[in-house]
Amino acid sequence: MNGRLLITCHDRHGIVAAVAGFLAASGANIISSDQHSTDPEGGEFFMRMEFNLEQGDLASLGRAFQQEVAAQFDMRWRLADGAAPKRMAVLVSKEDHCLVDLLWRHRRGELDATIPFVASNHPDWITDVAGFGLVYHHVPFPNEPELLSLLKGNCDLIVLARYMRILSGDFLEQVGVPIINIHHSFLPAFAGANPYQRAYERGVKIIGATAHYVTEELDAGPIIEQDVARVSHREHSDTMVRLGRDIERTVLARAVKWHLEDRVLVHGNRTVVF
Amino acid sequence: MNGRLLITCHDRHGIVAAVAGFLAASGANIISSDQHSTDPEGGEFFMRMEFNLEQGDLASLGRAFQQEVAAQFDMRWRLADGAAPKRMAVLVSKEDHCLVDLLWRHRRGELDATIPFVASNHPDWITDVAGFGLVYHHVPFPNEPELLSLLKGNCDLIVLARYMRILSGDFLEQVGVPIINIHHSFLPAFAGANPYQRAYERGVKIIGATAHYVTEELDAGPIIEQDVARVSHREHSDTMVRLGRDIERTVLARAVKWHLEDRVLVHGNRTVVF
Amino acid sequence: MNGRLLITCHDRHGIVAAVAGFLAASGANIISSDQHSTDPEGGEFFMRMEFNLEQGDLASLGRAFQQEVAAQFDMRWRLADGAAPKRMAVLVSKEDHCLVDLLWRHRRGELDATIPFVASNHPDWITDVAGFGLVYHHVPFPNEPELLSLLKGNCDLIVLARYMRILSGDFLEQVGVPIINIHHSFLPAFAGANPYQRAYERGVKIIGATAHYVTEELDAGPIIEQDVARVSHREHSDTMVRLGRDIERTVLARAVKWHLEDRVLVHGNRTVVF
Amino acid sequence: MNGRLLITCHDRHGIVAAVAGFLAASGANIISSDQHSTDPEGGEFFMRMEFNLEQGDLASLGRAFQQEVAAQFDMRWRLADGAAPKRMAVLVSKEDHCLVDLLWRHRRGELDATIPFVASNHPDWITDVAGFGLVYHHVPFPNEPELLSLLKGNCDLIVLARYMRILSGDFLEQVGVPIINIHHSFLPAFAGANPYQRAYERGVKIIGATAHYVTEELDAGPIIEQDVARVSHREHSDTMVRLGRDIERTVLARAVKWHLEDRVLVHGNRTVVF
């Protein structure tokens, strides 16, 4: 049994020893361990330990951990079952590059998830999604109530693979699972609409894409991953769009993979990615 | 004799043939040629031709070019003498990385320029600059009139190698030569003060630097070059500062080199870099 | 009518003027022009001009060009019809990432080509290829005669999208069209088999991929494009394989796109990519 | 008191708990911790822990660690004093870019080391080195005995900042400290002499540089860091040399910094860089 323990707390003397000692005493063999402190003197401490548990179950281990370690250090913590793939719903609009790439990576075994369905405000990708053996829901806009009934309780993660409709704060609250979006600019530059056109007009020499968790404030949630590509005066905004597609799909795939592997801890508006 | 002809005009049929034909008929051997059109139908056309002229002089060639070619196509054009290094004044404040790098590249022969002097609102780098055999003017702030009298008429280019004082619109107009600044962020993100601190707070995964021509609007002039470096949650704003130094000096050096080689054409708020 | 004129010859005075003058006089409007000389004094000269021809046809233009310009400068040249997509056959073995990416880009309109068929020594990808509406030939190994009869005369370009069988010199000669291969290392490092395993053993910190024209000597043909990705001690050769897939498909797609747009000139074992 | 504990051993159950528990019990506060296992089942385990020790000394801590932890797990380990800068001797020949960059970074406080002297088989850089307030030894080639008497016992690290003479196996053995070299190619491609010329001839699209520990076999020692830059057909081998300088100095500086911070563990011909 493979487990992943994620911890956030105030940095104090003895945390690593306490956690590692507890796991060793519980018969858990640590496979990988990462930690980070914003400041060893009174900063915030983050830790991810991946381990194999030869006997026992994660629920019991968690209860013991809370009593024996977490309470003492006032930890926020989470224990994820590495053998239980997350349920990942994908939302898409008119652009297929992120969708096709995610589905292909899923088929290749790169993404440890199940995909209960793909939903879209357009019917365009039904054949492609069926070709991957997956369910497609066409939910024309406006569609928040219908989307909500599809998603709520049926997924652990929502990926906006170029879903071009803004989700309301009420929707975010009710759906209750993390949402990863890919924004087609190097945030915080060109937040909002038409980033490639605005990048062209500003004359930038590098364009980018940003994968982030969705919060109520548009394009302002915690950034998980970013990447960039060079452009020159030769690129118009439409060739930037083409170059951008390659970055968008790659950045989104990395962010989703890291989330699925429980590597991302959110702290305020920043992320720690182990 | 080496010449560089830079042309901007509305795109029309026959420009390349007219320019190349004129140069060939004038005994100029084209070494390199670059062109760009924002749109072959009615867009803006840019060209740079570098050539060797076996006999004759550039001034005569220019007069003939105006009459025989430029007038007909309503060209804005400039003819630069490739054998005449530009005079490049360097302004610096408390950070030495861009300064030292420029002076070292100049000594290596990477930058085809003369450096009439380095000026600073601080006395810190006088020994370093003297070590490169160059003149250093310490001009304490406020200093625009004194700077102006040093610079005006004595340089063809001003490089702000991390000069941390804003120059007034009046100064820019009076000094009358291009000014290249290095901004320590990936513009347009984090324009203005303290970009690394703000990048840290926003939790970006990539930082950058931007070399641009100075205009009256702060950090909004035409971008010549940008580059980036990856950061992670491990970097605080002070380690970003260290990583950023390496990008800043490289980006500034590239922009300065291209300007000195007459490779940069400004068009509105964008640049064409051949 | 869109044409692309590609020229190689010894560098001499007046080439650009002659070519541009000829095109202008022929009613061709130059859209883009690139040139390169290995040495203005007696080096090799390369040029690509893309133009619109308002009336007339490319064949007549070519005949006139040979008489009026090419003969005089002893040029090797080629005139491609920009409106005639090339026929691109794709060969693949057990790995689908390059195949799926090429077919998807083709569907998106990124690659200006027709795909007469995909052929493979394995039956694995027949459903995927059919999903893109394309023909799939399963040609079990050994298969050179059958491949040859499929390919010869039916394509203008062959793309080895991770086709893992070596093609004989006799095959190359008979098939008579360019072949682009993607090698999963940063050539010339790790030419031959198992490059990721060997990269792991050597402890490199960066891996890469190389798209090149196939010649009789294994992995030694002219390089069209390369790209790289960082790896660390954390990567085993199998995670390198996964990271490498993203580079391979991108590098191959770029090389194929440039070839299809007649941007690649081969000179000895080197390429000029305009 | 700041200490860095570096451990290599066979991976077994309980290592992290044992080490962290020992440090906690000894009053050491862990600042950062990194670990890596080539395989949790019987692979090789690597660990670096940086800690503050409020009282006591590192020598006593080390003796206790050997008895209480290291013996039991059959560890190879090393305890470095984070407050004791290493003595770093620099060797250079005719190219100054790596030398100047190292000395400038040292002055900026980026490199936690003392520099007892710079030595060279040429007299060229004596003024520059004096400008940084450092000692310069001109030791004309052949010079191994003289170099050896300068270096032996007087440094903890030797940096070959483009020192273009091969050091004999006998020299390496006698000098007895690690030696970091910068090779101006992307090893293992173009090992040996004239890498840029050979890269040009092979027509690569990316060049690189490699920092590695020196072993008796030329350019075959464990790689610490590599980086690359794009080149095109426009670059001749001499412009590659110029572009390469920027990569070389950056790659060497990173490798040296990581070594000085005790972040590099060598394992066979590979490195783990924490």
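We call the chains A, B, C and D, going by the order they appear; numbering starts again at 1 in every chain.
Assume a contact is a pair of C-beta atoms (placed from the backbone, for glycine too) under 8 Å apart; a residue touches a chain by one contact, two chains touch by 3 or more.
Quantities reported herein were computed from a predicted structural model and do not represent experimental measurements.
Enquirer: Could you tell me which chains are in contact with subunit A and with subunit B alike?
Expert: Chains touching both subunit A and subunit B: C, D.
Enquirer: Could you pull out the chain whose C-alpha mean position is farthest off from that of subunit D?
Expert: Comparing chain centres, C lies farthest from subunit D.
Enquirer: When I count C-beta pairs in contact, which pair ends up with more: A-D or B-D?
Expert: Comparing A-D with B-D, the pair joined by more C-beta contacts is A-D.
Enquirer: Calculate how many whole Å lie between the centre of subunit B and the centre of subunit D, each centre taken as the average of the chain's C-alpha atoms.
Expert: Their C-alpha centroids are separated by 37 Å.
Enquirer: Can you list every residue of subunit D that touches 2 or more other chains, as numbers and ranges?
Expert: Subunit D, residues with two or more chain partners: 36.
Enquirer: Help me check something: in the complex, which residues belonging to subunit C touch subunit D?
Expert: Per the stated touch rule, the residues are 36, 38, 46, 186-190, 201-206, 208, 222-228, 232-234, 236, 269-273.
Enquirer: Which stretch or stretches of subunit A touch subunit C in the complex?
Expert: 96-97, 100, 104, 108, 110, 127-128, 131, 242, 246, 250
Enquirer: Please give the residue numbers of subunit B that touch subunit C in the complex, ascending.
Expert: 13-18, 20-21, 23-25, 29-37, 40, 52
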